[in-house]
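For clarity, chains are labelled A, B, C and D in written order, and residue numbers in each chain start from 1.
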């Protein structure tokens, strides 16, 4: 039974708590949050104790930490947890600074602790199956990957301002997915972006609609498009092409019911947002973390995957601002 | 070049004229219709001569006739054409009386002329492909067949009154399709029917909504449902099950375009009615007739297929009226 | 917090235990099973005590019972539970004898306890949504309902022998669904059935492939087909037609991934069987039971729904054996 | 009756001849081709006379010319036809040189003849309907357009060498479609491309896999991807997003038949290539030309649409070669 300390009791912390509760091999021992009520609520729901983050890192009855706190606290918590020998699950992004992530890698490597980065989409059953079919050779070597990712509606401007921008906040998931699927690092990136959904987003220097092209040294191509708006629900699609054909994952709809009338055949909207769409992914992700700790194996995605996605997000941000493509240095 | 005399210049005659025009190996030599204007119009569109039906049967420059006149004229025209040695394509139903059809079979057999019954749906590319896949063994021996057939809207009551009833006018196509797919004759039939679409249909003794179950001696089952109403367009679907799985043919929609909004994903309605839905089938059907005449081979469906479908339609009519199942005698 | 005694710790008992565990408003207090190991296993998984069924009925700390024992034990348990004033959730079928069900109704009515029949499919989110759309008038008054229900593979012959036959064991779910959707009782029923999947099923007097037509006094029609075989997974589809058009619920597939190659576009098989397909339905069903008890309202489906479905199953069994339609008496 | 002279009797000339034959308001009067046999064959199929191109331009019984000759002959034929006062339908590309197209525009404008550019895809019923829905405001102002265009297999290297490269030969259709849908000119273009399908294509300096991003002055974005390979048939899809949602056009499949087995649900491949996929589009395109000449209205797409697409194709070629984005000058 893996004893977990949960750092951060907000929305994503609650998701992970629910996943841990559903697993037989793990339990939440302690929780911490800057807001006492949030910590109390999650403690009561899980049967865990409320402690401070520092106390959790120092607790003998905590084997692993799940970090779901604000991004700017990750650096210290990772360092502390690694030094305390705790296995670490950390939400994306690990840190807004690539240098900071590199510093974390040093400490994590030195301590030898298990570290998993929270790119939940790798664990979506549909995307995971699509990746398995690529690995099984169903379409041969990939030539072109197209990723579509659209939120149903933009977050508040206050969130946008602290988010690091669309490429670091939203497209980072797609950068990780692109790497996960392609299996070859990207060397060059073109990016465009506009504020078409809400001028207020443009006013704070961010974009809400964006497209990126990534290429590998071998000339393989990935297209990514993002938007902060999709009237029909959370749009999460992947399409990959190789010599043998195409694999694509469509959206999950609210129901399988179709209504046929004089205006045609109408199916349900897509599942509304990430909590609905990735419910199974979050559970599977946490199970993978618990199993990796139990087995002592390096989890996938690891800390270097967090670094690579951040490098791509930084490059895209720069490319969009300058209007020029950016070369990605080997890391 | 097969020289064809077209008997009947109404809607279905015009369809066949268009098909013949598109074929390289056939031409319309002469046309006949009780309405002079109808005959003139089709003659002008095809470059054919207007003659009387009798003159066409007696014409040396006519190798084959396509009979698209009212059903109650079929009997005499078939007899005349067979005796004149013309190849015959006759619209369904051959005749409302099974005895009359048997009499036609005798004359046709005695004369040795080619005879094809106009069950156009066998030539729909989708249904024909489905049938090919059954023959190729994709799903093994059929166990259950489900046929759905719904018109977009009921015909005028004046048409209903002369139609012989839903089972003879509409479901006869499905009876032929059931035989075409199953490849084993049916021995027993249950039928129910109601007037739910328009009480006027019930008032003239007919039904507008019906369901039938057919069984073979081997216990294999076919379900058919019909309705004179489908808000979303002409509904023509087939589904067959065997040990290996299912084959099903879906409707053809007006376009491939899908609109996704807050109310979901909406595709186009089905093609409106039989002229749109079976345009390719009518052409393919006429090509098959022309080729059968050229090759001197027995066409499929032949005159006995017309008889068998009529026997099933009669049985269904009786079964619906009495509320009791009907045994189908071997013919 | 509703304290539940679980009678029967087999497959379906375990499903219900898992559902109760996931609900905040209920808990499993005690479990009973004829097999001590089964009871122990479920007790340990739920934190409940092992007791005898009799002890559970007599327990003050048990408010409600969930009956998932073999069908022939339901009668005594229902009687006992009703007399003990416990709310009752009972798996379908309530009893193989319609007379016994009527006797249960008397006792349940007399005791005034809450009684819910376990027709889980009413709680499938897709079917429930389809029903809601009917109620909202999306297609108007129903004219024709088509229900397709196919198991992936037949159960063991030993199960078949004790099952009461396909109509009572399998199609009973579809009879309840037909009533649920149509909202008008059926008055007449035609049934055919064959043993095409496995001759051993025929050898014990049962069928594995069947079709039924039901009609209401108003002439509305329902078609049901069942098979013990579906190579492509558990096939559970519904299609309803009214003046305004069609509503249909398609199968849930294993993934949303499509593979496109030279042989076409291939999507995943349907979810394998009822545990996968109806996982959400079972949870929703148990939540409805717990809420009904909390609110003191009559649950839907109630004990009379169990009776009506059994009456239809008996009628279908008779109709299939005699080859003649059966009139359903008003109850 | 519009009397048409057909210049070029190759594959595309034959397509246009077939379309004209199906139209009531036009006829092929004369045909010309550098290969006498090609001209003879098409003359015999259409009932037209064989003449030289020069003779056709000088013929009084020719009102309009359809130019389907090799691209490097277009310039002289357009100049000659315009000076002769013939209406002109010219296959894309008008000319490989933007300067030559500008010279043609001058002559065409001066002569006042009708000129239509052969961008057939605008007339595909699905894409035309999608465009109509945009115009009707179904999704509001477009924010993001994604066009996918993949040939089933690469053409011979000899064709590639003379083609002007993928962007001018293949993606030019998508550039026109992007302009057609977006309704605002593009101002900047990023392009990447690789030779992944066949190294021989790379060896002659071309690419077989490419992705492009276009942006308008208003920040609206279009993604295009092309490949010379698609195992599952000709892949022609469009997806557009606006505030109100998404419109997308899927591929046309060979049949509507689906096979369900243990390996899942399999539909037919996409229609093989452009002759099958765009059969209806070619007919509709020629009808639009004939109607434009009859009405004396400017056809859509006109000669400036041919110019704009060529400008984008040139820009993409340059952008791909240099690896840098290219600004599109206003024209």
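The criterion applied here is as follows: a contact is a pair of C-beta atoms (placed from the backbone, for glycine too) under 8 Å apart; a residue touches a chain by one contact, two chains touch by 3 or more.
For clarity, every value in this text was computed on a predicted model and none was experimentally measured.
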Need the most distant chain from chain A, centre defined as the mean of C-alpha atoms. B
Where are there more C-beta contacts: A-C or C-D? A-C
Separation of mean Cα positions, chain C and chain A [Å, integer]: 40
Nearest whole angstrom, what separates the Cα centre of chain C from the Cα centre of chain D? 58
Touching two or more other chains, which residues of chain C qualify? 139, 231-232, 244-246, 260-262, 268
In the complex with chain D, residue positions of chain C that touch it: 231-232, 253, 260-270
So in the complex, the part of chain B that touches chain D is made up of which residues? 125-126, 129-130, 133, 138-139, 244-252, 254-262, 268
As the complex stands, chain A meets chain D at residues 139, 143-144, 146, 148, 150, 188, 190, 192, 194-197, 209-211, 213, 215, 218-221, 223, 225, 227, 229-232, 235, 241, 243-246, 323-325
